[in-house]
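Chain lettering (A, B, C and D) follows the sequence in which the chains are written, and residue indices restart at 1 in each chain.
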């Protein structure tokens, strides 16, 4: 299958139930997303608390999602680990469980002693071994790593590597990736606040935490932008920004899960060492959510 | 005079001749800019090596520029200093010498112990004392400071503060400033690589070092973007990016002065502790300049 | 057992053999360490590439070490993970396998959204669940986290938490921990270059990567410092510094494994994405090692 | 005159009176310091708010100090500016006004584009032109710059450059400077919290903001350390640390001036954009000062 990534993907929260995955909640969330304009979902991303899940739970999430997510929506699974070997194993497990593609964040623990050569060797080994298409993934707020442009250019030429999620709001970085990517390669933004301008400069879409809370608004924003309806795009971007800043940025996973719950999705608390949003934070998010719904 | 800032402003290099200002070169550069589509020039900016000039030289630059720069082009002078008092004095001197407005970078030496309150008090004092309109100025690559959004919102309401230059490529920051600015307030971008998307989200123009080297291309890019000619804007943005990255980013002032010289402007070497571009850097810049001219 | 930590502990490399642990090499290394003045060894630390090992390999390392390491030398195992739950599981496994104590690095992936409360809750949960004494562990070069002093003070009072390894060379941080620790609590330094002055201000020893390469010199340096032989301590500190900078700092794990090999220890290459030291680096390390041996 | 720097130097506050220098207060402070064990004073340092003074005020400070400070105490003046030329001018003015030596902080505004070569050329030009001995000065909390070790080694060989003030608490940096300095070169620490261990590893003294508030305690601490009275040194270091952290670190210049006032020195408020310490901060500092006086 050749994947043409385009549109908005939601990196969804992992709902917990007691000490494990809330499978029923996960299914219910995915069914609800299936009735939206989302281009797909990402499970096991940073905002899914992937670093806090064990391998068994990770497999359970992909398998569960695979039973619900149907084309044209894609199922993408995060499989980045610190070692190349564990990343390859996680990638193969996700592919076996039915993921359409994998999203592989940069290793980061040893970043102080890693250079472009390390990242290239790592991703080439993963891509060579992966049964499914691979997306690169910069999330420097968590990893402290942004793939150097020369490493990116070498990797973007690999036939199995079909895209990148760049999570930050620095559009110069995004533009450089776009300039150095081959035809058909998908550069996706990860910052809700810059979705519209990112599409203006050639991004093929976004992987937006906020899209797990307000999927239709995010999908519509992309459609406006991609269809050249600039006035509508800018107006909608501005309309959702204040809520997204609270739901998908300021408070991290705790805020995202609180926002998801406010919007009626199964979420539950984050897993320790993360702590649930405070009552004040929850009230703030609820207030902004209601204001967003009331606006037009 | 009510100033409506809009378009591209060039923060021009300060040409040196032996140990002082090359006044003839400065005049010649400004006359050449006067025949372009630039909305104005900024003298005494970061890329003008303002922190390396003394007060007499600074006055000489503004006075010289005032004799050449004519409406509709505006003359803006950088007047930021570390103390509030010196900033006010520099602002008054620049206004006396004829500057249409002043651009005041954040103080930064004591940033480790400064909060929003410090910045607000500083800028309010400067604005209260300034005979001419004031622009705020973030240039965190040099200062390590980005005005917090709450400080910005309070300052943007001041009647004398009419705009901000935000130098970085982070469009989320730019969008937040735009969202919190009153009507008529001008948010200007300072990163050449994001001029087009910045205009898409509401920036009123840019203060671009590259505009001192390729003024027409930068002015045309703004016109395309501001007029809704998105395809032309994106194509031109991409066309100039590689040259701008060399001329106005990677090598700092040394690279900018080398690029200005290649384009036929008076520049001279930077002032120590800055050192001139190496022969290799100069050749690289010349090569990319010629490639840009040859492209269409 | 009440543990009184004192002296130099070596956070040893994990020797690889083909695709797995070189158990014979590990045993041989540990036997050699047993004939030195080291106070103990740390397995599964950062420089042991712990983030690149799987759970089975981790267990194998602890079990192997337990068969060799004998009192008065202690066996300490790194068990930090991103989730509290996985950290507790790893801690229990290490304790079952015979570790005398565990060294638990701060979780770090979600550091952007974590505060003192998160760290306190995390470590208290781990300590409450741990069958063996717990050491806190700051390694900000890798994690970007330094435990805030108020979090440290609350944790140092926990009966199961008996010490901290602070890896950085900032002696103000070390002094603050010492000032806020209860009697009997062991603050250990992790930077070879500051072992002598750290002991001067009250550190009870060090966990030094270099001690896995030149154990006797490190142990002797501690003895000089702890016994008040200041001239000898300073002279020896200066004598080992140039080698340690190469072996245990500049080149990361790759340099440490190269240095260990030069000194006759089983090491093998690091695991990808880490890459082996270049031939030039290896030659540099070998040269400095020989110079160190030749000096007196 | 050959200067042998040794002991504790106080980088004193600049007392303001209305809109200018409080000359009488400055004289009174200096007379009081003259009756202490301080090895000298530094005027126009970072904590003297040098970046907030104009040239005339700077001259006034040096001239005033020269009338009071007498051998064996030395008068050192801060003369660092952003341009090499202005630094040379300030250095010559300070020497004319009678400074025994100058302390020249690294230029920093253009640090993003400066390398070891820039710093070497800058300091060599300053040293070649200086009529008096020169001290290098790293204060990375404000400048973001730490002189690379290779630049330091080249500069330390210059006959006019006799020492360095390294402001940070990283003793590995200090040790590297000491290891690469020629005989007779003075490495001075700038962090109160690490004075004792810095002397242990070979620092010849300190330039400590806290020494302007509690000069005798700081001078005694140095004497203990330099004379090998380690127990007394450590005890005194610990005794002063909590007060010094408040007076000379946490609250910046505002805290230092508040502490100086509490101790009976002329200080006045800091100059804007700095703001005076809050009433709460002042009370906290006063409380800790009294606790320090009450302790033994």
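Odds and ends about this structure:
FYI, a contact is a pair of C-beta atoms (placed from the backbone, for glycine too) under 8 Å apart; a residue touches a chain by one contact, two chains touch by 3 or more.
Predicted model, so just to flag it, every value in this text is computed and none were measured.
Of all chains, the one whose Cα centroid sits at the greatest distance from that of subunit D is A. Computed centre separation for the pair subunit A/subunit B is 36 angstrom, with centres defined by C-alpha atoms.
Rounded to a whole number, the gap between the C-alpha centres of subunit B and subunit C is 50 angstrom. The set of subunit A residues that touch two or more partner chains is empty. Contact topology of the protein chains: cyclic, one closed ring where each chain has exactly two touching partners. Across the whole structure, chains are in contact as follows: A-B, A-C, B-D, C-D. Residues of subunit C touching subunit D in their complex: 168-173, 175-176, 179, 191, 193-194, 196-198, 200-202, 228, 230, 234, 237-238, 241-242. On the subunit D side of its complex with subunit B, the touching residues are 19, 46, 51-54, 82-86, 107, 109-114, 117-119, 121-122, 125, 141-144, 251-254, 271-275.
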